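Each chain gets a letter, A, B, C and D, in the order it is written, and its residues are counted from 1.
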Amino acid sequence: MTTLEPTPPSAPAVDTAVAGADHAAGSSATRPGHVAPGLERLVFFSDAVFAIAITLLVLELRLPDRAGGYTDATLLDALAGLVPSLFAFGLSFVIIATFWLGHFRTFGVVVRSDSWLVGIDLVFLFFVALLPFPTSIVAREGNLPSAAILYAVFGTVASLVSAMLWIYPSRIGALISPAVPADIVRHVTYRTLVAPAIFVLSIPVALVSPVVAEACWFLTFPLQAVVSHHFGLGPTMGTAVHAPER
Amino acid sequence: MTTLEPTPPSAPAVDTAVAGADHAAGSSATRPGHVAPGLERLVFFSDAVFAIAITLLVLELRLPDRAGGYTDATLLDALAGLVPSLFAFGLSFVIIATFWLGHFRTFGVVVRSDSWLVGIDLVFLFFVALLPFPTSIVAREGNLPSAAILYAVFGTVASLVSAMLWIYPSRIGALISPAVPADIVRHVTYRTLVAPAIFVLSIPVALVSPVVAEACWFLTFPLQAVVSHHFGLGPTMGTAVHAPER
Amino acid sequence: MTTLEPTPPSAPAVDTAVAGADHAAGSSATRPGHVAPGLERLVFFSDAVFAIAITLLVLELRLPDRAGGYTDATLLDALAGLVPSLFAFGLSFVIIATFWLGHFRTFGVVVRSDSWLVGIDLVFLFFVALLPFPTSIVAREGNLPSAAILYAVFGTVASLVSAMLWIYPSRIGALISPAVPADIVRHVTYRTLVAPAIFVLSIPVALVSPVVAEACWFLTFPLQAVVSHHFGLGPTMGTAVHAPER
Amino acid sequence: MTTLEPTPPSAPAVDTAVAGADHAAGSSATRPGHVAPGLERLVFFSDAVFAIAITLLVLELRLPDRAGGYTDATLLDALAGLVPSLFAFGLSFVIIATFWLGHFRTFGVVVRSDSWLVGIDLVFLFFVALLPFPTSIVAREGNLPSAAILYAVFGTVASLVSAMLWIYPSRIGALISPAVPADIVRHVTYRTLVAPAIFVLSIPVALVSPVVAEACWFLTFPLQAVVSHHFGLGPTMGTAVHAPER
């Protein structure tokens, strides 16, 4: 997307109104959980896409049509047959919720934007909006290696873009609040790489056992916690990059 | 979700920018109906999930395909056949609207957040996003005990999580405005337990008569009003936890 | 919905924090287009439901499956067969957009809320969320009197609730800005009654000719303009109840 | 839509409260990326429609039902058969994202609204909400000239309305910040005409080769960049109409 040119951090502002606004943004946006002026609409649009993607997943959960309707016994059988779909719904809900939490934490400390950040966010939203598709494949054919590998490859790419949404503003574009300590920036970076690592490592596992690979994806959460604990991103230190904490 | 560590209320702030923001949040968030800074995005995301779940319910309401199309007589017959679906749509609209009202009242007095509150909210949104699934079962097979029991169990769990969204910030996490009197906190707690109680009690009823059980669910509203009246959570006293009242 | 008790306008505030917030709301909310504090979340949730209902209508527009796929000739035939669905999409888009504009104008002058206003808004959102259902009936069987009458009855009830959303806050609940002149309140009331009148009058028309009745519904817009012109709710005077005008 | 009368820029304000609000809007809205007061709700509603339309596209991506389920080999075959649908999803995601970026840039410099702007925005949202329909046609029959021409005609009209959303407030209605230099207004106007030009020119191409026409639509982005570069709307100068840049 060549229309999204990066702005060099030292570029002079075009006019004083713009410069004045940036100054205002810089001073007010160090409040955690408060989205900086100029970022509100990007964050809003992103949240709407997250919310719709997470809710559309339920459309895959449908009782099959049955001539003559159901009895209690056949309904229970049909519900049992929907357990893999329910598992896929839960899995993708957790993945999207995790993506949203990462987005939420990142934009709690981002104090200004540039075209690259907007571009990375739109690419990320492409994968969020697309997630119901691999989810529906796993819901229906989750015992096939090819279905699990498709989801794992998709998850790898999507979580790498999610990691870029932290790495670009914090380590490349200098778009986050200077109040965030450098070691926290580094440790949060390690944490964002947990999800891509798990998805990549699950690909060979899926060749042997798709179900084990799918179970691995839930490991993202305890492993992120281990990384948080190891680097002191715990209850107290985590707050600096944890938007809504006190 | 072990990545969501609670912050002890007495945890020292990491840096002064964060502390300053919290102070600002604490002083401004006692305005009813105004969402406290740092909570806006959580509330926004929740509202979007509520709005989508409540609107997706309509997709279940579909005229069956009919070779050669309909006449007035067959259309009226088909519409009569959709009455159970319309009933299920209305029921779940009311349930989601009630959940939204509770969420709306709660976040009108919550003045700060922590990881537990975010986590409980995401678990609650899981059930909100999933609600169209049991709704579609009741829409199609509402005269089966198993369908009514499924909905009742789902409603019990979802409304317990909804109650936790009030109990945790008000009674455990000390996240609500100190301006809310202690007796109102207690009485609102009783009110949040009306819905889980009705759903639980409807389970044995559903074994005998699914339709009576489904009718019981509408009792949530008058019974909540009785609790409100009994504890003085009426027109005047209710305003302290009733965000948009004057 | 007995849990939604009205607050008498003269009810004493429970505590000074609440009273202070109301004062702030009253002074800032006379800005047109600015949603008053305490109403933001209600308006947000309503907008999300409007946006989803208006967008879900497109799901009815689907090319029928065809064994062996389409040729240019059969695709054009199939598109011609979708014209009634496209007409229904356009009609319901216009109806929802009109409802949204009315909601937008109303909440541009509403300066505080009460339980009745929240309740009327939720009932209105019920009809907005349900609108894709009668739309799909007219899309498929719009040449049947019963389909047109169903839509007309639905439109009558929905537009009456929409009118109540103006009449209650402006003429009953005293919830709008005192800066809005009394004659404008009266004339806007007349304008809100145009849509219910057209839907009601179209019911007998639909018995004779469903297509003429459906065409009548588009008359809402020119007839609203005639009412606006007659009462001086034109370019200049209309601004007082027209949120985003200068 | 005759109810949307334009307000002459010199129309006297109805009352001082309204005039005062406009003054406030005028002074604060020169902040880039900050939506001016009175425009928030219009922008919010638009964003929700964008987000839903971009996310609903995924519903077209469905594995066909297959008696007896899939094997790895048949699943890969079925996925290969979905490549045209995936291409259509990507194409329409990019088109909607481009529309959103244009909307985002425009409303970053719009400082007040009038009825015409609201009306143009609603007409634009009609096309955004309808886009999943031509997308599904191209997804299924993208090798037919008639399908490609349908999409190209739709894209032409939609991108012309998108261009009007810039041309009206900047060159006709005087609704944008006076801080935006006149030459930038002119060059941005040229840029908004790139997309309609490409869609129009692709129509004769589609008669010969639908696939080449569809590939052309992706040229919008590099060609917009060429226009940006030619007129100096690059990293530095672009910021004045580029809301979230520093």
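By definition in this document, a contact is a pair of C-beta atoms (placed from the backbone, for glycine too) under 8 Å apart; a residue touches a chain by one contact, two chains touch by 3 or more.
Keep in mind the model is a prediction, meaning the values are calculated, not measured.
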(message) Quick check for you: after a Cα superposition of chain A on chain D, what is the rotation angle, between 0 and 180°, in steps of 5?
(response) 90
(request) Examine where the copies chain A and chain B touch and state whether the two sides share over half of their residue numbers (same) or under half (different). (result) different
(request) State, to the nearest whole Å, the distance from the C-alpha centre of chain A to the C-alpha centre of chain B. (result) 25
(request) Between chain A and chain C, tell me the centre distance in angstrom, where each centre is the average of that chain's C-alpha atoms. (result) 35
(request) Enumerate the residues of chain A that touch no fewer than two other chains. (result) 44, 48, 51-52, 56, 59
(message) Under the definition above, what is the set of chain C residues touching chain D in their complex?
(response) 30-35, 43-44, 47-48, 50-52, 54-59, 61-63, 69-72, 75-76, 79, 89-90, 93, 97, 100-101, 104, 107-108, 177, 179, 181, 221-222, 224-225, 228, 234-240, 242-246
(request) Show which residues of chain B lie in contact with chain A when the two form their complex. (result) 1-3, 5-9, 11-15, 17-18, 20-22, 24-25, 37-42, 44-45, 48-49, 52-53, 56, 59, 112-115, 117-118, 122, 125-126, 129-130, 132-133, 136-137, 140-141, 144-147, 150
